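Below, subunit A partners subunit B and then partners subunit C, in two separate complexes.
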Partner chain A sequence: MAMAQQASAITKAGALEWLGRLMEQAEVIAPVAGFGGDTVFSPLRSPAQIRWDFENPLHPPKQTLLPQTDPIVSIQRDGDCYEVLPIYDESPRVLFNIRSCDVKGIAFLERMHAADPPDASYLRRAERTAAISLSCVAPCASCFCICTDSGPFLRESYDIQLTDLGEDLFVEVGSKKGEALLAGSQDLFRAATEPELERRRELEESARRRFGEETCHFASAMRRISTGRVAEALWAKMSDWCLECGGCNLICPTCYCFSVKDRGSDGRLVRCRMWDSCQYPAFTLEASGHNPREQRKDRMKRRFFHKVSAQYYMRDGAIGCVGCGRCVKVCMGTTDMPAVVAAIRKGSWRG
Partner chain B sequence: MLSVATTCPYCACGCGLYLLANRGELVGVAPSENHPVSQGRLCARGWSAHEAPSWGGRLRTPLIRKNGRSESASWSAAMDMLASEIGRLMHEGKAIGVLGSPRATNEENYLAGKLARAALGTSHLDFCLHSSFRPLMAGLEDVTGAYCGAASLADVEAADAILLMEGDLARAHPRAAYSVMRAVDRGARLITIGCASTQMARLSAVYLPAAPGCSGDVIDGLLGGVVAGGLEDRGSVSAWCDGYEALASALSPAEQTEQLRQAVEWIARANRATFLLAPSGASGEQLRRDAAAVASLAGITGHLDRQGSGIMLLLGRSNLRGACEMGVAAGRLPGYLPLADRSARDRLCSLWGKELAAGTGGDAESFIESVSGLIVVADDPASALPAGRRAQAAMEKMEFLVVLDAFVTAAVEMAHVVLPIASYAETDGTLTSLEGRVQRCRAAADPPGEARAGWQALAELCSRFGLSAPYRSSSEVLAEIGAAVPVYAPAGQAGEGWGGAFVGAVRKPKANVCASGSQPITYAEYPHVLAHEGVIDWGKDPLVAFSPTLNREHRSRARLNPQGLVEISKHDADQLGLRSGWHVRVESTFGDVVLPAVIRPELSAGVLLVPYAFRDHAAAVFAGRDMAAVKVERV
Partner chain C sequence: MAETSTRGNDVFLPWIARIEDVRDETPDTKTFTLRFRDPEVMREFEYAPGQFVELSVFGLGEAPFCVASSPTRAGNFQTTVRRTGQLTDALHLLGCGDEVGIRGPFGNGFDVTAAAGKDLLFVAGGIGLPPLRSLIWNILDERSRFGRVTILYGARTPTDLVYKYELKEWERRDDIEFLLTVDRSEPGWEGNVGMVPILFEKTTLRPESTLAYVCGPPIMIKFVVQDLLMRGFRDETVISTLERMMQCGIGKCNHCAIGHRYVCRDGPVFNFRQIRELVE
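Moving on, here comes the complex of A and B:
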């Protein structure tokens, strides 16, 4: 079996040594203790900052690949002409200890930005970014990756997948980028043993079982949304429980919508891509003043159509949700993904 | 990437967030799961909090007006000119005014107050939005002795019954709306009073419609229901409330609708009830009576002195409470104490080493037209004061106008001297939330160009006018605030974590309960009520106006409606045979105006609203009043 052949193991002390070496080659970004008890993704200053037991940070690692404010073009006036140059960020980065859902989120963004026409600004940065994930042996309170085929353990999409065995980490390599991260540090790794492989399987099984019976029933919601069988009155009712904060979009690992704005003066401008939310009233506001989605219910309908409809599923090969549960935590109202999917399935809001 | 823990600068809920900076540029915002208020949630404004400071029209150097033109100058040249011109006005015995700001930090406001009262010797000291919230604070003070309620957002979330006197909570204070939603979701009974079936009204168990200025009747109806039903909390009434007998006899036994009866029952029988108050379009006097009546309702139902119950004032800007408590408020000393408070005056006098200015000064709206010199800290009077055009005209003919701001505003364009200061994202300081949390702002970037922290600029101004102001950091200013306003002392000692220290307002031992009562507003010939929609207009606030994400709607609305607009109910539009965009003539006894009408389906029949941003277009009809009885015809 492929996994057994490739699998290796490393002690946690060895992993810190490995991290130190990675930090010499790249900016290593990982969940660390933040301010006031928060856990946040941050560039490591020292390998000792690394944590093996943490709740997935609320602000997703998407920010590394698709920053909230992203300079993409520089525009410089030269007499009567303008010089327009693309801005590329090709700094090497390693995302360390990201969770399975976020790896899937990045794979989703990669597919989207690689589709015709390819987005070079995104792709060049992504090309230089590697992901080392830490599989989830215990799901977070609000997550449901098991319903979206994006965890708790990964079978694909990762560069390297680690599993915490206690003293040691089980290591699986899933890509060329992953292989490159091990090159030069082979001295720190050893082949995984058969009992370690068995232990990893047990951990995955037990993690899956811990999600319990409660699942999201995306399939039923998808059928209804895709065929227009969600009553307008239900959208209207649900939309009264949304405060249009846009948080669901901004923290969603698969949301990528943006607006473009120029910053600067005196003929030197930088065009920036900025996160935007389809839930903001002015997202679809046209220059004429007309707004095709003036009502909140129409914006909400649009959001879930993009996330959950069969039409987009066919295009993207996945639903627009990786089950990370962040929208549950960040929603200013009560219209997070599981709540709305449940309401659509039942045909009633909180009934 | 730098990630700096700070406090949201928009409404007064007091959410925490991280500002993200990359190579000195603000590039984003991240939520904090452990912040006690926001708990991972931010509204659209919070999520865009990095934008205005980095995209805005920023002031980078001091500016001096010479021969009608604004020119860059050095700090020392600007300070010299300021000191000599203000000094000249003082010497000539001319009046000088100072305006603080609900978007400035406590440290900035405190120093602005110190500058006015001790260094410049003036009592013309206020902030522009004060007039909108002052009546509500006065109403609460009349009854309880405290100008703020004691309810927290957590109390709202855990309440069994919530009475909401609306502006439009979902838009004005999303974080507070979230608490209400959570409570409703849990089964709490929400009662809303307002003139539109807003989002919150649609979630309510009972929506009690009341035209602007008429909420008093509804509150009196609730009071009457409590009295008539014998639902008062006897223990509280006897231990705690003066004037209950008079209140009971003053209420005419009006007929109780089923809705009103139900609402009364829910409030009276609730274990925990919270009362949320926001300014409506009513007159100041009416707002004061309404607030007093709501406080009385809370008092006689036992919810004033019960843990988990209480009143919350929905303050419209991040540091509106701080501006009040730093004493940049007409008629008030630091601590929001009355000007005549002898012990407070003595305390300040010994702390500042100067006698405090005598006189009462008047409020911003009145003194802006009488002073010869004006120092404005981080505000734009023309867009914030109700009489915007009059404020504009007054400033245009001001002998000497000084503006300290981070952003280019209309006031900056008129000023004789402009001092560029840091925005909230570039300075350390504290903001006081509507709950009374004194929380830290922390600098996430350097101020642009030669801009300095506001507390530094104001400290230098103080010393220019002969006051000792040797602060080395904003924390040293906060320490002095602790001495001037003792309830702020713990804020200076609070640790580094999220949340900050609490300040509270002291209540009287006994509440003076009373009913509201309202005057009839409309009459046969003028059957409609015209009022301002809300008093919190974000569109011209630089923190919104300079944010590319947040300003889109406001900008579009202003561009599409250069003549202004009036909102009209579906019912009235149908009566007139109107469609959205058609013009109507709105006429009061004072004057008339022709405006495009926009149909707003959720508005109550008989009510016409002019958005605050467009208030000057309808000035002829309002004639300086908060509302007017009008008739409407299609033109």
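Moving on, here comes the complex of A and C:
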């Protein structure tokens, strides 16, 4: 079995040593204590800052790969002439202790940006970024990664997957990038034992059981959304609860819609790709004043069509949701993914 | 130094173009004639009528504009822009020799080959003429390949008509039929008064042999298309070009998405049967 052959183990003290070595080669972004005690993803200043037991931060690590304001073209003015040059960020980075859902979110973004025509500004940064995930042994209450094939443990998409066994970490390597992260630190790792492998399996099984016996509603919602069989009145009712804050888009690991804007002053300008939200009325507003999605219900419909329709599923090979539950936490109007999907299945909305 | 050799294939990097000529069309609309700074880029710039470019006014960003000139006339290209926001305000302040950025061409464009041998009907409203003008000149420059050509054009007032200097030429030509109307007359106007559909009564429509190209404000497109369908045109023979706030031009930013289709890549040209299928 591939996993048993590749699997190794490291003590947590050894992992901090390893982390220190990685920090010499790359910027390491990991969960740390932020202001007020919340956990946030942030560049590590010292290995000891890293958290092993934490609730997944509200902001996913997507900002590492797709910054909110991302410089893509430098525009320089020289008299009456302009020179433009692409801006590439190829700094080496390691995402350490990110969760399975976020690894799947990054895989989703990679697929989208690599699709024809490939987006070099994203791909070059992504090429230099490696992901070390920490599997979820105790999923949060709002999570539903089990419904979206994105957790609590991963079978693919990771560079390295760690599982917390208590004193030690179980280590699985999933890619060439992952192998490269171990190179030079082999002295810190040892082969995993059969009982450790068994313990990892038990942890995965118990994590899965924590989701209970709930049946996933995505399939029936997908059928209705893809064939236009969601009543307009239902969209209208649901969208009455949407406050148009765009929070669901900003914290979603798979949302990538953007606008292009120039920043800076006359002599030195930078063209930036900036996050945008399909829930904002101005997202589709045209210069003429015409707005094809003026109504809130049409914007909400758009968001769920993009995320859950079979048309996009066929294109992307996945739905645009990784079950992280962040929209459940951030939405003040309760129009989060599980609530809307359940309402579509039932054909009714109670708010 | 050739710019082609110094850049990768970055999808967001514009080419530099210089404004060669600016022509006032109406009090708020100008036509810009552009030429790429690098002659090699100009030579390699091939487009179909109906395609669009992302035009940068540096410091303000970019916006999509259709190419209004015909690909049969190489050496430069034109775009006709109404002043209606920050970027177009700034563009209107630029003059000959000033530089802008151009990415593209993007989109599918009109299928000129499919129009060969057919009778062609153009119905344009106001600022909807520029994308059709590209196709019209393409067809007039290769006139013998096509059947009857009828152009119906309307604007709010005589002042709002674009390409007035060319409209006169089209009126004089005897190998096309050209009819003009305005919604509201002005002193000195002796032509038709009324919305574009009144021109259908003044010409002979041949739905069975004709492709109809319609472009204008959304409300005009709606009524013209309804009218054409009632007069016997089939959905597939009524062709329009859609407008959306296209920011990237490459199907990624999602501003122009309708369902899983992207106006910037699958369009902007659609026939009416395809438009009916654009749902989400």
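Assume the second predicted complex is superposed on the first by the 345 of 351 C-alpha atoms of A that agree within 3 Å, B and C clash if a C-alpha of one lies under 4 Å from a C-alpha of the other, contacts with A are read in each partner's own complex, and residues count from 1 in each chain.
Everything below uses one rule, namely that a residue touches a chain if its C-beta (ideal position, glycine included) is under 8 Å from a C-beta of that chain, and two chains touch if they have at least 3 such contacts.
If you're wondering where the values come from, they're calculated on a predicted model, not measured in any experiment.
Enquirer: Taking subunit A as the common reference for superposition, should the pair subunit B and subunit C be classed as clashing or as fitting?
Expert: Subunit B/subunit C on subunit A - fit side by side.
Enquirer: Quick check on the superposed pair: does A:V330 touch subunit B, subunit C, both, or neither? Answer first, second, both or neither.
Expert: first
Enquirer: Answer with first, second, both or neither: which of subunit B and subunit C does A:K346 touch in the superposed model?
Expert: Neither partner.
Enquirer: Once chain A of both complexes is superposed, is A:D119 in touch with subunit B (first), subunit C (second), both, or neither?
Expert: second
Enquirer: Figure out whether A:L285 sits in contact with subunit B (first) or subunit C (second), or with both, or with neither.
Expert: Both partners, subunit B and subunit C.
Enquirer: Mind working out whether A:R111 is in touch with subunit B, subunit C, both or neither, as first, second, both or neither?
Expert: neither
Enquirer: Regarding the shared-chain residue A:P67, is it in contact with subunit B (first), subunit C (second), both, or neither?
Expert: first
Enquirer: Name the contact category of A:S259: first (subunit B only), second (subunit C only), both, or neither.
Expert: both
Enquirer: After lining up the shared chain so the two structures overlap, which partner does A:G228 touch, if you call subunit B first and subunit C second: first, second, both or neither?
Expert: The answer is second: A:G228 touches subunit C but not subunit B.
Enquirer: Using only CA atoms and the superposition described at the top, report the least gap between subunit B and subunit C in Å.
Expert: Comparing every C-alpha of subunit B with every C-alpha of subunit C, the smallest gap is 7 Å.
Enquirer: Taking the contacts subunit A makes with subunit B in one complex and with subunit C in the other, which residues are shared?
Expert: Touching subunit B in the first complex and subunit C in the second, residues 259, 261, 276, 285 of subunit A appear in both lists.
Enquirer: Flag every residue of subunit B that touches subunit A in the complex, lowest number first.
Expert: For this pair, the touching residues of subunit B are 1, 3, 5, 16, 18, 20, 22, 25-35, 40-44, 46-47, 50, 54-55, 170, 174-175, 177-178, 181-182, 185, 199, 202-203, 497-499, 548-549, 552-553, 556, 559-560.
Enquirer: Could you list, by residue number, the parts of subunit A that touch subunit B in their complex?
Expert: 34-40, 42-43, 58-59, 63, 67-69, 240-241, 243-247, 250-251, 259, 261, 263, 274-277, 280-282, 285, 289, 329-334, 350
Enquirer: Which residues of subunit C touch subunit A in the complex?
Expert: Those in contact with subunit A are residues 7-14, 16, 56, 58-63, 84-85, 88, 97-99, 101, 217-218, 243-245, 247-248, 250, 252-255, 257-260, 279-280.
Enquirer: Mind pulling up the subunit A residues that touch subunit C in the complex?
Expert: The touching residues are 72-73, 75, 77, 80-86, 112-113, 117-121, 228, 256-262, 264, 266, 269, 271, 273, 276, 278, 283-288, 290, 292, 301-302, 305-306, 309, 311-312, 315.
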